[in-house]
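What follows is subunit A paired twice: with subunit B in the first complex and subunit C in the second.
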Partner chain A sequence: MPTHNDEVILCRCEGITLGQVRAAVQQLQPTSLRELKLVTRLGMGMCQGRVCRPIIQSVGQAMFQDRSETRLAYQIPTRPVSFGDFVKADDDYE
Partner chain B sequence: MSSSPTVIIVGGGVIGASCAYYLSTCGIAVDLFEAGDIGGGTSSRCDGNILAIDKDPGFDSQLALQSQNLLADLAQALGPMEYRQPGSYLVCDNRDEIPMAQQWVAMQRSQGLDFSYLDYRAVHHALPDLAEDIPGGLYCASDATVNPLLYTHRLIEAARDQGARIHAHQGVQQILTTGGRVAGVRLESGETVLRDMVVVSTGIWAPRLLDPLGLSIPIRPRKGHLLVSARGPQFGGAKVMEFGYLMSKFGQERIAPSNLVEHGIALVYEPTMSHNFLLGSSREFVGEDTRPNPHVARLIAQRAIRFYPGMAHATLMRTYAGLRPFTPDHFPIVSRVHPMPGLFIAAGHEGDGIGLSAITGKLMSDLVLDRDPKVDMRLLQWDRFHKEDDDHAHP
Partner chain C sequence: MAVEVAVVGAGPAGLAAAGELGAAGFRVALIDEYPIPGGRLLGQRYHWKNLVWDGKQQAETLVDNVRQWHEVRWLLQRSVYDLERAPSGWALSLNPGDPSVVYAQAVVVATGATEVPIPLVNWTLPGVLAVGAAQVMTAVYGVAPGRRGVVVGANPLSFAIAEELLEAGVKLAGIVMAPGSENVDVVGSLDDQWQRIVGLRGGGAWPLRTLGRYMTHAWVRQFLMSHAPKSGVPIRGVRLRPNVVATAVEGTERVTGIRLARIADHDESIREGWSEPVDFVCVSGGLRPVPDLFRIARVKTAWVPELSGEVPVISPWGETSQTGLFAVGNAIGVESALVAIAQGHLGAHGVTRYLRGQSLDYRLAEPDQHRIQLAREQSPIAFHPKIGQGVEHLRALFLESLGAP
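Right, the complex of A and B next:
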């Protein structure tokens, strides 16, 4: 991590670079990966981490190795769906 | 004797962060202890309401207005927090709600608030994506919004710059007393920290610290869901709620399908600065589980499409849920605890924690420094529930 340059993109959907992450860490001093995610929007875009999760978790491990909760949660619907289709889905399906 | 007291704040959500900011602004030495992440509880599982539109005319709305003014100042003074002030709307589902909406506007205007009633033409002109049968609505110009977690962090950042010591991932196990007054806290690590005063700002978790002292406060977790859209076209740049939200909030009877009433579901639409939008809301007493319930999420989506048919084609990306710290009269507790000198409570803001955070921190600095708060604090007293029992339900 220390060797990578600031222009490296960590999250394509939200366009978040390593430099932006470093700046946020310095300024706001987040103490976990979830907190870092919420102040930078890392992994909060359309892919919801399906593309960037391994990268983000490796960043989390490097920055917060003393914390156990370096894994990000999954939330329904887990992949994008139109609101119209979501409403139509069968409850029993879950 | 030192010139100002030393204070421990327990809880690093938006309320604890605001107390830390306002206390450290007054030169008070502050130590803030947060069991998890800064803002990791309710303050990161909510929307960014800074609302007067849904407040009862009178004390409730004046408190909200004062906080709105303070927050506008904070938005200038602190780092970027996605603050903006587009006003907000309440829209009516049916004609039965129209007279109540008109009455609501009249009462607010008589108190000097900037409200206007919108008839059919006006509401569809202001909100062109609304379903055709929406009969009317109303607008409150002073309402604002913010990114709640970023705001919490900006308060913490500024407090830290003013000398506050912020201790994340250091939970408080117990409030320590000696000779009937507060002495400090014992941390979960076993370490003891001694200070003159302790402010409890742990939201739904406040009763856990106070029960062992024989102090009972009726805060309960009231779960709420939010749905997040993908980036894409928004449905207007201001917050929109349905008028039934007011009734749901205050537990009043409302004409709506029973499955909506059962889960306290009412439309809340909030556009964000990240080019997506949030949809709520639900209000339920179902314990402390913050996992979203797919059934409730689906009903919220259904309700949104009833008001905005075009949303059926927008993309849902994620859902989450948080726990509002409910009190029986919908007012927070911002109070000295008389039987225990040195102990203060700032908790129980239900869905208004972001909006009322600034006035709460300001009032807490008045209480700690024994200044006149210029607000009738009796309505925010910690023990008001014991005195009045349940004969004082919300009007």
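Right, the complex of A and C next:
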């Protein structure tokens, strides 16, 4: 079903298109989904993958035969947090 | 703040668990990031066995039950963004703070599932939304997402929500299929998509089940689906268009149309393309459990396709590989609200035994497990035709983990 073209946006926060991903793969030759993420900022925006993770995982499978759907890490904070709250939580921590 | 149990998520699973724990006399913190408790129940409304399944009302009943227990503290509009071991059990970080940390001897994670998006050309235009967002707008807030829309992606949720939209007086150009390509393949080939809706119970999709007996044969399915008329086949008022694929959203300032293509029978290549006017587009790639808090807490997880994604390996009492951390509801596999409620009860019973130092022998969970199975059979909607296999797989992984240190 060849219906996606280069202009389709995969990561909405960072505005990364399929064309940019293909170009990065050709020019920089990342060897894993994690490396692709680091060179393109795919999935590294405000949502931290909460919207685009399934899309990015499917790219990883197709481009790197990365069959492990669980490979990409989850990081804290899992939701956007203001610095003020972050510091306060640290103070309150026993 | 220190409590005996923290319940994360006030959807049907978390509410059911908090109600049982309140009744057992525990000090409970019930945390949800949304201002209104009820989770995804709030938007559910469809016909079922000559009745109307009214999720909002179901949620109110569950909420009233929890409200009678004064030892349950409600912490709404707060997200849990970290979950760590603490000397007394677990520490949960909340945002916004106040309290910024909740200490709990045991935790029930009932954080539900999230929607899978479908990337389309121009899908960042205003007027493109997730099908669940259209459900919340229509059923919770009484706001129509537009006058005439289209649903991209066919799955049980698409049918249930399309029916809700039609009932609210919104027009639909039907449910069309999601595109794929060699590099991005979120929902699979056309036949993968067809297989997922054939033989399913639920929402408006029941005629597919009647036909479904024959459609489990690949050639019957592929013949019928690829020869359906371009305008689709009506399924309880919703037009399913199994051989039409969305290729792009059209518009400059906002959505004005959808670009569609007919797929050739033999090789799924494009045969013809055309545009239809719509003012909103719902993308519907299905649901996935959200494993973030489990992964942060270093819980053992597994990818189980029949449960729709990555789920924690749990004991028949709902306990994860980390002691005192329990999981219930859609977070352990996408199923209907009735199943989530039954799982909430089971999790609460597990936590009660854990806190009272009683046996968590898995054979003792049989009666509760039986109630979950009954709920599964009675549910108005099933999200995967082989849920039972997924549940068995998860149980096998648990038994395997008992052997390993």
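As a working rule, the second predicted complex is superposed on the first by the 81 of 94 C-alpha atoms of A that agree within 3 Å, B and C clash if a C-alpha of one lies under 4 Å from a C-alpha of the other, contacts with A are read in each partner's own complex, and residues count from 1 in each chain.
We adopt the following convention: a residue touches a chain if its C-beta (ideal position, glycine included) is under 8 Å from a C-beta of that chain, and two chains touch if they have at least 3 such contacts.
This one's a predicted model, so the numbers in the text were calculated from it and none came from an experiment.
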{"item": "Partner chain in contact with A:41 - subunit B first, subunit C second, else both or neither", "value": "first"}
{"item": "First, second, both or neither for A:55, with subunit B first and subunit C second", "value": "second"}
{"item": "Subunit A residues touched by each partner, larger count belonging to subunit B or subunit C", "value": "C"}
{"item": "First (subunit B), second (subunit C), both or neither touched by A:28", "value": "first"}
{"item": "Touching partner for A:63 - first (subunit B), second (subunit C), both, neither", "value": "second"}
{"item": "Partner chain(s) touched by A:81 [first = subunit B, second = subunit C, both, neither]", "value": "both"}
{"item": "Touching partner for A:8 - first (subunit B), second (subunit C), both, neither", "value": "second"}
{"item": "Contact residues of subunit A, present in both the subunit B and the subunit C interface", "value": "76-77, 80-82, 89, 94"}
{"item": "Subunit B to subunit A touching residues, read off their complex", "value": "36-40, 44, 79, 149-150, 153, 156-157, 160, 168-169, 227, 229-231, 274, 292, 294-295, 297-298, 301-302, 304-305, 311-320"}
{"item": "Residue numbers on subunit A that touch subunit B, as the complex places them", "value": "13-14, 27-32, 34-35, 38-39, 41, 44-46, 48, 67, 75-77, 80-84, 86-87, 89, 91, 94"}
{"item": "Interfacial residue positions of subunit C with respect to subunit A in the complex", "value": "33, 79-82, 86, 91, 93-97, 99-101, 103, 114, 116-117, 119-121, 123-124, 179-186, 189-190, 245, 247, 261, 263, 268-270, 285, 288, 291-293, 295-296, 301, 303, 309-310"}
{"item": "Residues of subunit A defined as touching subunit C within the complex", "value": "1-5, 7-10, 12, 18, 21-22, 50-52, 54-55, 58-59, 61-63, 68-70, 73-74, 76-82, 85, 88-89, 92-94"}
